[in-house]
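Chain lettering (A, B, C and D) follows the sequence in which the chains are written, and residue indices restart at 1 in each chain.
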Amino acid sequence: MNQNDLQVFSQIESEVRSYYRGFPTVFTKAKGHKMWDEAGKEYIDFFSGAGALNYGHNDEKMKQKLIEYITDDGITHSLDMASSSKRTFLEKFNEVILKPRDLDYKIMFPGPTGTNTVESALKLARKVTGRTNVISFTNGFHGMTIGSLSVTGNSMKRKGAGIPLNHAVTMPYDNFVDEERDTLEYLETFLESSGSGVELPAAMILETVQGEGGLNTARMEWLQRVDKICKRFGILLIIDDVQAGVGRTGTFFSFEPAGIQPDIVCLSKSLSGYGLPFAITLFRPDLDIWSPGEHNGTFRGFNHAFTTATAALEYWEDEDFEKGIKERSQLVEEFLTSLTKQYPELEGTVMGRGLMIGIKSEKEGLSSDIAAEAFNRGLILETAGPNDEVFKLFPAINIDIEALKEGLVIIEESIKTLLKQPVSNSK
Amino acid sequence: MNQNDLQVFSQIESEVRSYYRGFPTVFTKAKGHKMWDEAGKEYIDFFSGAGALNYGHNDEKMKQKLIEYITDDGITHSLDMASSSKRTFLEKFNEVILKPRDLDYKIMFPGPTGTNTVESALKLARKVTGRTNVISFTNGFHGMTIGSLSVTGNSMKRKGAGIPLNHAVTMPYDNFVDEERDTLEYLETFLESSGSGVELPAAMILETVQGEGGLNTARMEWLQRVDKICKRFGILLIIDDVQAGVGRTGTFFSFEPAGIQPDIVCLSKSLSGYGLPFAITLFRPDLDIWSPGEHNGTFRGFNHAFTTATAALEYWEDEDFEKGIKERSQLVEEFLTSLTKQYPELEGTVMGRGLMIGIKSEKEGLSSDIAAEAFNRGLILETAGPNDEVFKLFPAINIDIEALKEGLVIIEESIKTLLKQPVSNSK
Amino acid sequence: MNQNDLQVFSQIESEVRSYYRGFPTVFTKAKGHKMWDEAGKEYIDFFSGAGALNYGHNDEKMKQKLIEYITDDGITHSLDMASSSKRTFLEKFNEVILKPRDLDYKIMFPGPTGTNTVESALKLARKVTGRTNVISFTNGFHGMTIGSLSVTGNSMKRKGAGIPLNHAVTMPYDNFVDEERDTLEYLETFLESSGSGVELPAAMILETVQGEGGLNTARMEWLQRVDKICKRFGILLIIDDVQAGVGRTGTFFSFEPAGIQPDIVCLSKSLSGYGLPFAITLFRPDLDIWSPGEHNGTFRGFNHAFTTATAALEYWEDEDFEKGIKERSQLVEEFLTSLTKQYPELEGTVMGRGLMIGIKSEKEGLSSDIAAEAFNRGLILETAGPNDEVFKLFPAINIDIEALKEGLVIIEESIKTLLKQPVSNSK
Amino acid sequence: MNQNDLQVFSQIESEVRSYYRGFPTVFTKAKGHKMWDEAGKEYIDFFSGAGALNYGHNDEKMKQKLIEYITDDGITHSLDMASSSKRTFLEKFNEVILKPRDLDYKIMFPGPTGTNTVESALKLARKVTGRTNVISFTNGFHGMTIGSLSVTGNSMKRKGAGIPLNHAVTMPYDNFVDEERDTLEYLETFLESSGSGVELPAAMILETVQGEGGLNTARMEWLQRVDKICKRFGILLIIDDVQAGVGRTGTFFSFEPAGIQPDIVCLSKSLSGYGLPFAITLFRPDLDIWSPGEHNGTFRGFNHAFTTATAALEYWEDEDFEKGIKERSQLVEEFLTSLTKQYPELEGTVMGRGLMIGIKSEKEGLSSDIAAEAFNRGLILETAGPNDEVFKLFPAINIDIEALKEGLVIIEESIKTLLKQPVSNSK
């Protein structure tokens, strides 16, 4: 590819750009699990827009609905006025997702991004309880605006705030210190003791699998105990399902296997199905004490997203859909497990759950090298964790099985190549 | 219209919805200055998505580009990777907007909403200066996430935070106390005095016309003096042009007539031209000290928006475009001025600048009543100000002149009708 | 004096020591208005321990009571248990001070220093109102612990906190910008406007004369209007009378001439009469909603201070006592006024009220030079103001008239000497 | 005793008074381990002013020095000017305390109370490191002003602040969860992880025995590991020895047996020896980067306290003095241990170290009942812990052995009496 093609970015775009550096090419088209760059090179996508493209790129059914909507001059932007496409989405979401799961939630449109839904959840929890503090967990990631950043663990991101981040207390996530230590006994002691310096919080906020934090996974028993502790102390439980939700772990909501019903749920990323900016906040009806307009935003009523999101929900009407995710998950998990055994030099551990899965390598820099090598071989693969120590497989949850296997082969080839040569000190 | 049609919203959607209450109908289609509801009723739009639809609804040229892009399976969601449609936007924005105005700015994609760009601006200013405080102005509005809310004046919105909002000092906006009092002399004394309790701030953030705050308008001399004070003390000047930018006041940036070059500029709302979620942050190249990924977000790379935004910039290549806005502004201003004279019972003052204009009525509730009456007569009109005391005209900046006049007639008819009957105590 | 005598301090004591630098000698004894150093040199004291020795040093009557108490093994330290000397103080203070002034206050012992009483006042105001913010005023000084520092204006002191100081909003003190500008109209507009970004505060805290801030003096009408504004908005008025109280301005409380009854009053410094650490917080009985021990401290029950404080109150039983202060005040004020006229090169303005009075010189460094020269001539004189631009006369309020005049002569001699030579750039 | 005698307090003094409630009588005189009330009743004092009277009441040697100093009109109040009694104290403290323990510290006079020294320590640590956060420990107690309160664990006291307390992170003290759990491994993992949400702190602050928190005692190995962790991460270690210092645990500083040299040490309470308000802050000379006056206060130069403190240090020149404390400690510890065995109904555990010792009873209300019963029998005894579950023996460290035994007998008698009757539900 011509170097000049990237020059515009380095000249005009801010240095803050980041994925650009790991995938140094100019993309043009995409379909399903495939992406193409300007030079016509084809890539298999195991990244899925960091979880925003769970159904793959430019899904044909959604595409037709979207083109039809636009062609008909359907209203595009309607703030929080009522529109017919919004009503259709509300009804469909209620019918297809909430009711079958016995979830009784009000739906809020807090603005179209993950951090918007998190900020709205924190506000609501504080308003309902009249308390200010929120308990977050080590390596949690919830967004880049000041409210969400306050409950985010990553120190580099936090420092970017430029101000001290307060009203949040970090507690150890499942397995934070080591596998034997029971982190919830610790947390519970803090809440019980009137001398702990930790005020009763408004809420706890957590991801069931930590997407940015390194695919750390909470056990179902741990989630159930968190739920119990919250109920015991009258603390609201917020599940941030922005990355782990919408099927990524095998079920629509990532917390379904735990059998819990969080007080507040945050959804975004893959919600629109087509990669369009869209987010909602769900909460128990009795928590809906908002004043009109108390939280607002210009892009709460983006009807293109309502349209594709409604189309995307059709997948969930098919009982076999979840099975397909599980089949793919199993295939990937087995592959990764065998990789760690076959290549002990990887010093690898399989992390994650469902199709939110990867390998954490103890070898400094190796995971980044694997992602770079895979890119050269036509596979888009991201790293995660505080030191990029995990390489992460995020294929579309309905990816063609053959394509999936092709991608896995590229990973193995990349590893083989790298293990033959000394690990670079890149990164 | 059938009441049942709105029932879904009141049953499933959160009570936080707000415009829904002023415009109680279900919208379906829109084109240019027109909107239609389910019953087929047609409305003239003088609201323009609170400034997100400056070019009107579903502009035909942008629509064709967008349909073409989608049909071709152009990449939709690319995070902050490079894409060809992003590059085209960067080049076009630089050529059409920045260069002709002698502005040398780096462009950052901070996430697709107004509050994202404001949060990124505040972070950058704090990082560059190493200071924590930011000076904001009375009645300023900058967004609903905690960072932006900290610099927002409205007490109801602030209370919604549920936590004390810090690291911000509010100073009086132009004409805050009354017209004689010089608010900047006051501000400058605070900065000069080492005993004032106000630390040297990282930045000042302001809107040149306050969209939500009641169409308060800063004089050009005031803006120039703010700029000088910032330079004198080494404070960064952030202009939040989210609502007043993209032609709303007559020029692309609202600060152009003042001849100043802010250190940081926030743009969103009408930037995509088509009502799609999109925002950028502009800043002097020497301020671009971000680390890669220090501020990020899932929807920074929404290629539909790049596509329509590029198409929208073509309007600005035509020298007559600004003239057209000015012509419409003058027409509206003259109309409003004559209204205040013809109907002294309005107790009205014309507020605002360009097509960001309205009347502030001292009669409690009257502005809201006018908006409600206009809605019944088929005109969409919003109120603004801490007590909704202003009714606000935000027609498309390229609205058909005849349609504009039609809308003005509806306003006058609404006023006439209301002044005949006692003012209700609605609101 | 032998340089070695000071060496111990520079070797062992922290660099934070400060008065030591302006008065570089080792003091041993003191009586009334006189102090002596190790070399036997005698000084007239126009400093009075920064207002902690309003009755002069080692007052003979108090001394006898104190020696008697100690000799009898009266209990010294009793925390907040009941002791007979504490009861006597409570009764006497109530009889001699509160009742004759129609003040109905509860008395709290918050710890023995000025900052203890201020911190307790702020806590109580926040508890009573359930609000967090407090309005303080430019150039106010209230103490060095974080709560008090948050409401203190001086930027060097504030920076010493090492953390951002929040929950306080600084408003302009009387005459802050210039004499014409009405600072309270400004403050009132901020409180009235729901878009000002300033939440309704729990309290306003102020000094009627700013001791550290440069002897800025609030007019009685200004105080009365502040009181009215507080009442109008349900804000508690805290008068910090730590430095201006106990007769310094001519009456026991400095706010008496304004005829107001603050909700909370802070007293310390000269309260014990003998320079012993002692402070009380006074407040309206209906505000006394403290839980037992909610604010505590080891040295709340220092019976030596109760003993001397009780003795000191006897001065106030004599009707002529206040007259004596006024006579001295008048003498000093006339002297200073004539100085400014006689020596225009001083570029001096008389600042302050009562025996809290001085001259602000526009000549950089001159006030400090005058204090240094006076010290050499045997007069202890302090400077104040953000740039030490004021030299400040704080003689004992019952100082011998002849001694007072002697001190004034030294000041004039010092000025004469300095005006003959070019002003140094010291300090 | 006449009820009227206490009436003055309930009428005029604030409800915040607290010890008054546990010891409802009016004290008049005190000597050594004895106190007398107005009715002439004699009490043995096992409370020692909450640790402010380690040498007993009104020590005869100190008393004579103090009377002499006052009689001679020695300067009483000298702010931070140099005085001969201050110099003598500095030299003596250096010779008798610091040098023999190989401690090289600068001495700061931060104001006369415990909270003053803690606030100065926190400020200095933040200034030196440029960081804002401080790690404190569960059940720690450091004072009532906002800075100190932020690092205090007790929830009732914290709530009294009326504002959120920030810039502090609470970590588990030794044995917080249970005896097996290693609280420092937890702490260290938090500091190591860049995803923990806990920024690198300026300092850790702790008490080696928690006086208010319930006599929780850190093991020497735990202190040594804390010291190592601080050194590893460049965190300053602040030991708050306000209550545990000055011999209370058997050595002058409570941390001596651990062999560590904290970066900053806070001393107050018994430092003056006579119960006079007095505090100092000690720190490594290279940390002494204060600007003159950056932290100040009116009562930093209280010469009565310098005088008695100097006299008190003479005790420490006698090698047998520490032995005497140990002898008494052993006697008390053995007594308490045997009590817990002899009276299993107590459900008691011996807590604390040295003469900072007591019994924690699992029976709700019993410890308070024991203190109340002992008071009736003429023994002053305090409770501690978040629920007053510990009764605490704080006799003078040089108490007459016979008096000590007499007090112990009263305790045993009180327990016997109470165990015969059903435990009340008082408190």
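Here is the rule we use: contacts are C-beta pairs under 8 Å (C-beta built on N, C-alpha and C of every residue); 3 or more make two chains touch, one makes a residue touch a chain.
Every value quoted in this text rests on a predicted model; they were computed, and no experiment measured them.
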Report task. Over half of interface residue numbers shared between subunit C and subunit D means same, under half means different, so which is it? Result -> same
Report summary line: If chain centres are mean C-alpha positions, then the most distant from subunit C is chain A
Requested in this report: Identify the chain pair with more contacting C-beta pairs: A-B or B-C.
Outcome: A-B
Report summary line: Here the gap between subunit B and subunit D, centre to centre from mean Cα coordinates and rounded to Å, is 58
Requested in this report: For subunit A and subunit B, let me know how many angstrom lie between their CA-based centres, rounded off.
Outcome: 31
**Report entry** Computed distance of Cα centres, subunit C from subunit B, in Å
**Finding:** 50
Query - Where subunit A touches two or more other chains, by residue - result: 132, 156, 163-164, 166-167
Query raised in the report: Which residues of subunit A touch subunit D in their complex?
Result: 132-133, 136, 138-140, 151-156, 158-159, 164, 166-170, 172, 176-177, 181, 185-186, 189-190, 193-199, 213-214, 385-387
Query raised in the report: Considering the complex alone, what residue numbers of subunit C touch subunit D?
Result: 5-6, 8-9, 12-21, 23-31, 35, 38, 49-53, 57-58, 63, 66-67, 70-84, 86-87, 90-91, 94, 106-109, 111-116, 119-120, 122-123, 125-127, 132, 143-148, 150, 156-157, 160-164, 166-167, 202, 242, 268-269, 274-277, 281, 283, 288-299, 302, 304
Query raised in the report: Which bits of subunit A are touching subunit C when the two form their complex?
Result: 163-164
